[in-house]
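The same subunit A turns up in both complexes below, where it pairs with subunit B and then with subunit C.
Moving on, here comes the complex of A and B:
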């Protein structure tokens, strides 16, 4: 599934609702879907505000991929900035977590099972959020 | 900008200023939330409850606004609590450290009982 929207705050909610619907259909628990929603909104807000600098002509792209084990969401912008991901909670006491952007990234790191980010000045920034699916495998199989 | 989806109401019960936050708490909520806090502070209220309702979306920008309120509450010698949050947002509040500065209660009634023990009703 792929969603493309302009860099206008508020559109992240539309992407969130679509991705949450997909996650539920994949059998992801309602509690985990809430984590997906929050992490996705933070990634989209970063893309809108920092990557695309609130320029509505620049697009944010959300791409979802689902396999047996994982629910993966990639959020792409046209900026090419590389955000510094905070480390896992065990390291927080050593980190400065005062900035707003830092808090959003901290939420992403905490709520996802895996996160990675790549940036290319010509190709934008891509942040990849990975959620492990229910190991019991209760979810329905969904084609993308 | 898409539609602003937060409604803020101020009520008073048992010596507590209750600020209802109905809807999304994001960057667009700043003026409304800070305005409500200034209003109850100007009135001299010491016990403040942020009562969350129908909050499908609270993001880091919204949390930053609440952290600002917590800071002022501490400076002004007031007591702050929150109620009505979904289990998910209770978790988020604990994660970012807000729970260290504002007690979290499931319901408005629970929060009012706790405030009563602190002396909200003279």
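Moving on, here comes the complex of A and C:
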């Protein structure tokens, strides 16, 4: 499933509702669906504001892929900036935070099971959020 | 997208695999959008039903439930209306006659297949309904709902 929308703040909630509807129908727990929604909104607002610099002609694309183990969401913009993903929460107390910048990425790192980001000046930035469907979190217990 | 109309309209595109169940995602997405545009609840329910029928038709008939084929739903947001276009990849073309007939309830009861009401429903529920060919050669249905804001009974 894909959803493509203009870089206008507010449209991220439509993408959020579409993805939440899919996640619920995949049997993801309602608590986890809230995590999916929050992480996705952060990724989309980053794409709108930073990647596409609020230019409504630039599109944000959200691509969802589901298999037995994982619910994967990729958010693509047309920018090409490479954000620095913060480390896992265990390291946070060691960091001297001087501003609120990067809070969205910290949220994304906290709420997802895996996250990765790639950027290309021609291809834009793609952030990939992975949620394990198996509540135990190892993603390996599904019988084929 | 049309640059000429600029900020007057915005497009949201949803691409779905042709698997039954995904019509629900289209229904929920369109409802979320319509709610934020200020549509009344009964209009949102009508919209959900119409888009559900259109996407189900595209999945089952147009794309013959081949999951690899896509159903594309384009939601065009304008200040005073929402336009929904649903297109399939046209493995099976819709006959124009089918888009005009009104099912008879007595016939419908006698048939084993209880389907056949979708297009009639869409026409009843939406302000405008038009069947055309999709740019890629599939079937396309374009539906319009007008936004009637009620200043008194504001939800």
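Just so it is clear, the second predicted complex is superposed on the first by the 128 of 144 C-alpha atoms of A that agree within 3 Å, B and C clash if a C-alpha of one lies under 4 Å from a C-alpha of the other, contacts with A are read in each partner's own complex, and residues count from 1 in each chain.
Definition applied: a residue touches a chain if its C-beta (ideal position, glycine included) is under 8 Å from a C-beta of that chain, and two chains touch if they have at least 3 such contacts.
Remember, it's a predicted structure, so these values are computed and weren't measured experimentally.
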{"item": "Partner chain in contact with A:82 - subunit B first, subunit C second, else both or neither", "value": "neither"}
{"item": "First (subunit B), second (subunit C), both or neither touched by A:104", "value": "first"}
{"item": "First (subunit B), second (subunit C), both or neither touched by A:45", "value": "first"}
{"item": "Which superposed partner A:35 touches (first subunit B, second subunit C, both, neither)", "value": "first"}
{"item": "Which of subunit B and subunit C A:21 touches, first, second, both or neither", "value": "second"}
{"item": "Which superposed partner A:11 touches (first subunit B, second subunit C, both, neither)", "value": "both"}
{"item": "Which superposed partner A:54 touches (first subunit B, second subunit C, both, neither)", "value": "neither"}
{"item": "Footprint overlap on subunit A, comparing subunit B with subunit C", "value": "8, 10-11, 13"}
{"item": "Residues of subunit C touching subunit A in the complex", "value": "1, 3, 7, 10-17, 21-22, 24-25, 28-29, 32-33, 36"}
{"item": "Complex interface listing, subunit A residues touching subunit B", "value": "8-11, 13, 16, 31, 34-35, 38, 41-42, 45, 100-101, 103-104, 106-107, 110"}
{"item": "In the complex with subunit C, residue positions of subunit A that touch it", "value": "1-6, 8, 10-11, 13-14, 17-18, 21-22, 25, 56-57"}
{"item": "List of subunit B residues in touch with subunit A within their complex", "value": "1-3, 24, 26-28, 57, 59-61, 63-64, 86-88, 92, 95-96"}
